[in-house]
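The same subunit A turns up in both complexes below, where it pairs with subunit B and then with subunit C.
Up next, the complex of A and B:
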């Protein structure tokens, strides 16, 4: 029997009174009602139940985040839930629209492929050079259109920087979920050089996409094809691609996160993550490390899910460019030396205000994207339970 | 003969796109300044010119028939891709500052660790020159009209000059040498590009095996 020690800090309420927290959560209560319902409140009993469950879950987590002062724990719950809900909702949508999760040639020709943010780095050079978006999706129509996703990504990038990867990305929760399964990592030491792998993958993906005029990452390297949309195996090439997707998913999203306790796909492979890290340059929110309080216990370095802290960066009082603002280092720090910070404001000053200022846009985007998926997935599951069919 | 230059000029962007996955990781991996990067690019282009001239001779000698067959034979291109993959993998992984734990003391290790540095970009350039990219196939089709070897060589040389215009900004990648991380990124990218070419080569060779 393993002894699991629950960090008592996770359960300890902050000094803020519940009434103040409730008042602080009030704008989010109103905002999420619109975001989840997309402006029209449900009337069907089943949808009302699904809506209520989603609404309570999201706002409950936000309340607890403010009340306990612990960001990572409750964010992770939401993030993992969103990833699972995404797979259910997305898969069910595809099954309803196409009758299959397979992407066939006719779907590609019809521009029927849902656009996802992971493609964005690959489409830039061809878009600039030829004014062509090298993706078989639609610009404005249908589910997950190119323009819709680009607008969402631009907004979230301005507001959160690489915070996208811990608050908005609907794939990252899978990686995070598996990384949380193992309390004591089997693989502890990973060479620093591997942190540059996402940049190398990004470089190759961008160059090869410009060469082939096709989204190279989607075609060859996306592990999430295994659980979302995949091509019908009609050739030797697609067979090889499918094997690659499967191997990458098992290794990068399941096995290695379990063995290391880190988000390996997000931290050491995803080219979009490297690309998104650049947005941290102009994003106003960051993490600050108070050197006066820091005792160099390295809990933050060992715990960072995306390898965004090392001993050098801790000494400099700031994370690396790849920081996803997940809040784990803040929760892990025994001396409260780490906090959210607004650039330009000294470390350790107005940390509570900085946290609230960050949590609002972060949670709004999380609720806008994730809330819809949770709501959609719950409707499908409830339908399945009550009628025996998801559709 | 001017036709070769203009053909190169009009299709050179595609040549650049074909060469970039090989050249860019190499330049970054070397981490040199702009001037030294210019020399690397010149060496790479020299290798590429050799590749072109190699085909110019073959095109003249065989009146293009075999070369045209090569162009339509995915298996042959697949083999070239696999050789290129091996060269890139050697560069990316066998280099002394790469991630691989083992250090090579073999001839290849010495060669890659700077004993004969000019050979690396030249070899990569030569192999990309043999890539049979669409502009190159166009040039081959044109070259098949010439009866004399000198005409064929001159045509390919002019074609090479036309495409080279697009490589002029390449040395500017040397401005990234201020950050040592780019060296690691470049070497890792070379290894990943090797996987891409290996994969493409295997798929091309096995392409006939439709399921």
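Up next, the complex of A and C:
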């Protein structure tokens, strides 16, 4: 394992003029102020500091994306920061409200469990057939209410497709963070067949959830239970579930991403990711590969964090359905053959416009969802530093 | 035709910015609309289902929910009935009540509940009311669930 060295290209300005960069950043400056503060600017000094730090970080990253033309690097910084901030903010909120991160039967009876997008594929069939949601949350008017999260997911799915998984998901940054730790992957060859695993997991989860009328993925397979809320161990069954969560987290989110340099949980296991890939079918944004410029060096194939490119798809000039639009292949391509693209527009035409048009909705979601968690986490950390307590 | 496709692509791409802002800024409004239009609610396996009967005891009341056997298709063979005693502050130290789980006028069991430490004892009078699934102290009430078998 070696330390990462900052590539000087990352800070090199693109062809875009500074005035254009500023003009492009201006709408985001206004939008993020409104979305992070949720309409009311903070007045307490501690909150003002936390807000300012969040605001500067988020807009600084957006500015650098436009200024340098490199999307992946700055998105990854934001994405990883959001995942860490989410754990801090979410955990601290649970500790404040419940006194622990345990989810007890009392909490499920009171509808206290915050709704999480990973359960969405499992709830659809029961929701359509019986109009009920098989999740112990609250329908409306609460933090992470079921309807609120569904609206967020629907909006992001229409706007970004599976871009959700690299711009909005607050778990994916963990996977990505660990995958960035090792500069040279220890495991380089992963058989193509593994790409079908998320679809198999999705099928099993959807069927088992419908038949048992309970969210099977949450109950048995979610690795992120390890770092969010988890059931109090009151029976042998819950002990087994807890061991499974822990093993999956260690293997899929920590060890394998470090060894492969890829997002193993997101690319090879997550059933929500497979489900979300379907939204790429109708989403306007995609990635285009200019066959005239491509020299088939396969850097994009080897580097794709979610296994969304293979030699066949490169020859076809487009990624697989599972593309998360993270931008890594675009930044990695030595011939600038890969770019963001709007469906209906030929590959390689107006790529700068396509990128800006994609970045606005993608970054708006990232800033609103992630910014909220960064802001919340910073408040907790600053409180801890200044008062000795997070609460 | 090709020009039209290009123009449409740009229009749709710009609309995605509108979708993003609308989904985030109008999430409360849209969430309320979603619930109103679809009529979705949380599964009775978590909420306990609708309240079927309320028994007044003066300072407090017993809420008996409908029996829950909900399944995707047909009904499950095993279910439960939930009973709540509320408000928490007005509950006596001991609750001693006969229970009609199915709302058919027949007594299916008897519950003894110590509200101070939340220890409950259930005696079944019917083959359909099997056992106590658990007793739970919530912010505003004490709740028990009794395991039921379908006819």
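Operating definition for what follows: the second predicted complex is superposed on the first by the 383 of 391 C-alpha atoms of A that agree within 3 Å, B and C clash if a C-alpha of one lies under 4 Å from a C-alpha of the other, contacts with A are read in each partner's own complex, and residues count from 1 in each chain.
Here, contacts are C-beta pairs under 8 Å (C-beta built on N, C-alpha and C of every residue); 3 or more make two chains touch, one makes a residue touch a chain.
Just so it is clear, the model here is predicted, and its values are computed rather than measured.
Q: After the superposition on A, what does A:210 contact: first (subunit B), second (subunit C), both or neither?
A: both
Q: Which partner does A:143 contact after superposing on A: first (subunit B), second (subunit C), both, neither?
A: neither
Q: Between subunit B (first) and subunit C (second), which, if any, makes contact with A:196: first, second, both or neither?
A: first
Q: So in the superposed three-chain picture, is A:237 touching just subunit B, just subunit C, both, or none of them (first/second/both/neither)?
A: first
Q: Kindly classify A:220 by the partners it touches after superposition: subunit B alone (first), subunit C alone (second), both, or neither?
A: A:220 contacts subunit B only, not subunit C.
Q: Please work out whether A:131 is in contact with subunit B alone, subunit C alone, both, or neither, and reply first, second, both or neither.
A: Touch status of A:131: second partner only.
Q: Name the chain, either subunit B or subunit C, that contacts more residues of subunit A.
A: After superposition, C is the partner touching more of subunit A.
Q: Taking the contacts subunit A makes with subunit B in one complex and with subunit C in the other, which residues are shared?
A: Shared contact residues on subunit A (touching subunit B in one complex, subunit C in the other): 129, 210-211.
Q: Under the definition above, what is the set of subunit B residues touching subunit A in their complex?
A: Residues in contact with subunit A: 13, 17-18, 20-21, 24-25, 28, 99, 181, 184-189, 191-193, 196, 199, 202-203, 206-211.
Q: Under the definition above, what is the set of subunit A residues touching subunit C in their complex?
A: It comes out as residues 31, 34-35, 105-106, 108-111, 125-127, 129-141, 145-148, 150-152, 154-156, 158-160, 210-211, 213-214, 284-285, 342-345, 353-354, 357-358, 360-361, 364-365, 368.
Q: Can you name the residues of subunit A that touch subunit B in the complex?
A: 129, 191, 193-194, 196-197, 199-201, 203-204, 207-208, 210-211, 220, 233-237, 239-240
Q: In the complex, go through subunit C and note every residue touching subunit A.
A: 5-6, 8-10, 12-14, 16-17, 19-25, 27-28, 30-32, 34-35, 38-48, 70-73, 76, 134, 136-139, 143
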